[in-house]
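Each chain carries a letter (A, B, C, D, E and F) given by its place in the written order, and its residues are counted from 1.
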Amino acid sequence: MRPSGRNPEQLREIKFTCGYTKHAEGSVLVEFGDTRVLCTASVETNVPRFLKGKGEGWITAEYGMLPRSTHDRMGREASRGKQGGRTQEIQRLIGRSLRAAVDMKALGENTITIDCDVLQADGGTRTASITGGFVALSLAVQKMLAKKQIKKNPLHGQVASVSVGIFKGVPVLDLDYAEDSNAETDMNVVMNDASAFIEVQGTAEGHAFRKDELDAMLSLAEHGIKQLLEKQAKALENF
Amino acid sequence: MRPSGRNPEQLREIKFTCGYTKHAEGSVLVEFGDTRVLCTASVETNVPRFLKGKGEGWITAEYGMLPRSTHDRMGREASRGKQGGRTQEIQRLIGRSLRAAVDMKALGENTITIDCDVLQADGGTRTASITGGFVALSLAVQKMLAKKQIKKNPLHGQVASVSVGIFKGVPVLDLDYAEDSNAETDMNVVMNDASAFIEVQGTAEGHAFRKDELDAMLSLAEHGIKQLLEKQAKALENF
Amino acid sequence: MRPSGRNPEQLREIKFTCGYTKHAEGSVLVEFGDTRVLCTASVETNVPRFLKGKGEGWITAEYGMLPRSTHDRMGREASRGKQGGRTQEIQRLIGRSLRAAVDMKALGENTITIDCDVLQADGGTRTASITGGFVALSLAVQKMLAKKQIKKNPLHGQVASVSVGIFKGVPVLDLDYAEDSNAETDMNVVMNDASAFIEVQGTAEGHAFRKDELDAMLSLAEHGIKQLLEKQAKALENF
Amino acid sequence: MRPSGRNPEQLREIKFTCGYTKHAEGSVLVEFGDTRVLCTASVETNVPRFLKGKGEGWITAEYGMLPRSTHDRMGREASRGKQGGRTQEIQRLIGRSLRAAVDMKALGENTITIDCDVLQADGGTRTASITGGFVALSLAVQKMLAKKQIKKNPLHGQVASVSVGIFKGVPVLDLDYAEDSNAETDMNVVMNDASAFIEVQGTAEGHAFRKDELDAMLSLAEHGIKQLLEKQAKALENF
Amino acid sequence: MRPSGRNPEQLREIKFTCGYTKHAEGSVLVEFGDTRVLCTASVETNVPRFLKGKGEGWITAEYGMLPRSTHDRMGREASRGKQGGRTQEIQRLIGRSLRAAVDMKALGENTITIDCDVLQADGGTRTASITGGFVALSLAVQKMLAKKQIKKNPLHGQVASVSVGIFKGVPVLDLDYAEDSNAETDMNVVMNDASAFIEVQGTAEGHAFRKDELDAMLSLAEHGIKQLLEKQAKALENF
Amino acid sequence: MRPSGRNPEQLREIKFTCGYTKHAEGSVLVEFGDTRVLCTASVETNVPRFLKGKGEGWITAEYGMLPRSTHDRMGREASRGKQGGRTQEIQRLIGRSLRAAVDMKALGENTITIDCDVLQADGGTRTASITGGFVALSLAVQKMLAKKQIKKNPLHGQVASVSVGIFKGVPVLDLDYAEDSNAETDMNVVMNDASAFIEVQGTAEGHAFRKDELDAMLSLAEHGIKQLLEKQAKALENF
């Protein structure tokens, strides 16, 4: 039934290539099937103005798509002179999601910027960004601990994200572009490793969804995120 | 327990003043307690480029806050030269929510722009904007029908929105600013008059939320939205 | 002869609703007939860079029109990414006019920002903004005196403004939109309570105007401004 | 009494160098003492969208200051990314003033853009721009007539402008920078060759001005503008 | 002598990964040592306005660096709201260089946009972009020929580019970042497969360079570009 | 053969009018035939942030064209809201070229900004800007020495620039617009008074150029620049 031939509860092939680029404190190429996002974590030893002198750190995120990461070429946001609403919405979501895993006191007055740049898009770029962004963040934190920039690990858990939706009347996990562009409902879920929700964003595209559909989607999301959390952990161990 | 003295499942005082301004095809001042939003619906007899010649219409929304609608004065977006990420996120949400109630074929090649301008903010400006925006939209549609610009009512239902959250460990309905700024979880829910979900956006502020908390919040939201739908209907009847 | 049926020397109905919003130190909804402008005064305890350390304060103004305050919807300046020339011209005029009533030494190193947002436009929005802006400023100054932020009242007089013009060959006072858009000459006059001029801006729209026409217009303006000053005083007393 | 040693009713030395640059249809370097403005008139055979198909033309103006035309270097507006409020106000004034001399029907569907670029500033750049702008416009119109682009001269009169003010209590004509920056009142007057007013903009800088002061200033302005109109005519004849 | 241990006339390891992304008509990851640039070619069946109806095509280029492609994180141009001068200079150079290899008549009214996005920077990103850009362009042209969008190959030759410079007094080929940031002179050379120059840009960083130094550098460049042209050809054959 | 009737190795008439404007520390109107550029040098007693506290100065340049300096009117960059790529490229080139003549330590913590504004364009505006910019810079340095703002002359040589190209198959010096727009190759050369190269920028417009053509052009450039250096010196002596 699914264009890719997957079962409704099946993730795409997930791959993390840690250390994909050399300058960033943390970097990973995350792949959810054909969706490929380069996530880097950059550490700076200062904080935004509103936090100065409070002894706390900050996590922020930026998101971009290469102009031809998509089926048709999109105008470059840098040349159009501003980031679109979708971009801003996504980078706010990534930042919020990752901050939920961090003890800002333990981070000290440091800022970590997570850049998520989509090299190739095939649906689910924001969930891949959050999931890969957490890996980049973890790598940067490990480097900070190793260099004794911080004493205590500020990460108090793991965070991952996946999309779910209703496609041809059936709840499915991890939608690719072919599904995403035809789904009746599309939902992005962010959870931690305690099976609790950090963010739930569901949107009816075709028809409004009922509570039982919502429950079915959330259940699929939990199932998928569990696997993503394991794969994150394995990727971090093996690097 | 609530700063306002309300019960957890109690809405603030809700008020619609239809026809608040004279030029717009539809206009309403919506009040959710001290939150006051002026919603206008403007009809134009053309459509965005991507819809030209398809025989369909479009609904779009813009959102703004007057500089001193808030406790401290915010810089004016027009003078800063761009709309912030929060503004764009909200206006995208309003547009998406209202489009869910409209049959675009029946609207014909017309565009209705919903402007939601916050005169005074006290929490819940986006849910008030959606709820009031639907009223403005309905008034404009009535005028179009009366003027025979369209033959058939393109609205196939009602849409309203409310916020819910966990405040001091208790699920509460329709948060005001005092609650909103201290809530552990904040969720905006948009539903139609068939009790189905159009949009669900939940964000963990303090700690991640469990499935049972989510369910409690959604149940409160449904309870609140039912009342809002009735009040919308009454306001439209009485105008 | 006038579309509204008024006599040439007759103002529209003038109304001040003080305390229209709750957050601002001073706020008033001013109405010149169907023209409705929300004026707020916001106090900040600092000054622009060019005044730092001089022991003087500053008054500045910003002006905006809600997108559908006008007959046809105007694009939102925030979304177009800049304030137009007309907006800038008007906000510079409001700021200059109000500064003429203020002893900056007595204000101390405080800045008061007057925001004038047009909810509904029907001609004369800039004169209503100045006239209402003065009321909002006065309310904010009263609050500063009451809270002992300043010792001495920095206002050394009152300021009000009205438009005059030549409509169908006749000098008229306080033009509404129907007149304004057809006037041969349009003039905005700002005066203080000593009957002296703060600003005179006359523009020939149709034909150039003679000295005797100018004199007739200025005489009408003085007549109108006297009434506005009384109404301002009464509104402030009664609040 | 005046820093320059001039009598109160004396203009600075006025000079027009017609044909100062070679590409523009009309060009003149206008000098009011040390204030030097390069005015060019550029003809285009189309009109702005709002005039398309109406058989009428348009006159518009742009104004700029070279970064070091002033005593201290100002930031370049092109590199700051926007034109300031003062610039926009001035260019709107120039355009409005020159349009008052033109029969738009006779101009046909052509646009003439007047660019006024200040090479050196010493007070009165806007009045020099209008006065020189009229000369550039006239030269362009002569060329259009010679090339038979238009049949009838669309100019139905001359336009010139001068500043007046109250300096040390005395009404004076054509303020230079030393006076302008210390004047109590500053007024820019635009008149035509029928001694009628096109624009009057008076601003109280120090104290509000009385009607008799206004009259004295307007009388000085008329005296100065008469001379400017003669000098314009002579410059055009001699070119 | 060179930080990398290379001989003065030695290129870094050069690698082309054709088909690196799937959506673009042509795509290649080009590596000059640790410098990695993703080049994509996107075909559109229209042309910029200035070419409409002339029966000619157009080649244009855009360039960007991912924020953490560099040693320290750079601000994202999209979020700063404009492309910097360096970016614009480079993308103009890439476009000009590639256009030199194309017969615009044979291309027909099609536009090919070459996007060069730096994933990792280690000196020479512009020369890698031109060299990789040509490969992406060739791949897109092959696809157009295969799909019969064009009849004749519009490429009349090959183009490649390399940097040369004076490092510690010695002319060297293909500078990496360690050399580039300390070079006395830096020169980018673009040549075609007829050993002729398309672009020569030499800049004295430390001291001005003599004619004999210029000649030595150009000779090195020719030597390097020959090898790059061979590697391009091989990569295209093997794909 | 040349449209102007000049010999291939002949410069246009070169003219420097020092002290062209009065406010700038250094100012000159430079003319290369009909190309006229106003160059001013402005001294500020501070440095950009990246140089603070290093005891070094800075030279920077800005470039602009008046809207009607060209054959057809160009849009004003200030009103379009950004400087184009060509402008940025040129101002970067001017700054780099002039910095090559300056000992930044001897300049102390001062910044000199060179503004080059094209009053009339006829080809070669960037080479005229560099050549005139050096004169303005020298005048400003003389004033700084005279006022004892600096002790030692920071200029360690002279800098001038000229264009060369291949026009109708013949290498020619100092191209005017008629040649420039039809040249097969266009090269801008910046040299110092030790006959060494500071910048060489050659671009094939029509066909790629051979090494012997490059050599011929460089030889012409050296010949022209020698004369320009002499004329600069004479202009500075005679002022």
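Operating definition for what follows: contacts are C-beta pairs under 8 Å (C-beta built on N, C-alpha and C of every residue); 3 or more make two chains touch, one makes a residue touch a chain.
The chain list, named the UniProt way, goes like this: A, B, C, D, E, F = Ribonuclease PH.
Every value quoted in this text rests on a predicted model; they were computed, and no experiment measured them.
The fewest steps needed to get from chain D (Ribonuclease PH) to chain E (Ribonuclease PH), moving only between touching chains, is 2. Listing every chain that touches chain A (Ribonuclease PH) and chain F (Ribonuclease PH) alike gives E. In summary, the pair chain D (Ribonuclease PH) and chain F (Ribonuclease PH) forms a contact in which both copies contribute largely the same residue numbers, shared numbers making up over half of all those used.
Looking for a copy of the A-E interface in C-D, E-F or D-F, one arrives at D-F, which has over half of the same contact pairs by residue number. Once the centre of each chain is set as its mean CA position, chain B (Ribonuclease PH) and chain E (Ribonuclease PH) turn out to be 50 Å apart. Between chain A (Ribonuclease PH) and chain B (Ribonuclease PH), the centres computed from C-alpha atoms are 28 Å apart. Chain E (Ribonuclease PH) has its Cα centroid 59 Å from the Cα centroid of chain C (Ribonuclease PH). For chain E (Ribonuclease PH), residues that reach two or more other chains under the stated contact definition are 81-82. Round the ring, the chains follow in the order A, B, C, D, F, E when counting starts at chain A (Ribonuclease PH) and proceeds to chain B (Ribonuclease PH). Taken in their complex, chain D (Ribonuclease PH) has these residues touching chain C (Ribonuclease PH): 82, 84-86, 88-89, 91-92, 96, 100, 187, 191-192, 194-204, 207-211, 214, 218.
Of all residues in chain C (Ribonuclease PH), only 21-24, 27, 34, 36, 38, 40, 42, 44, 62, 64, 66-71, 73, 76-79, 81-83, 87, 113, 115, 117, 119-121 touch chain B (Ribonuclease PH) in the complex they form.
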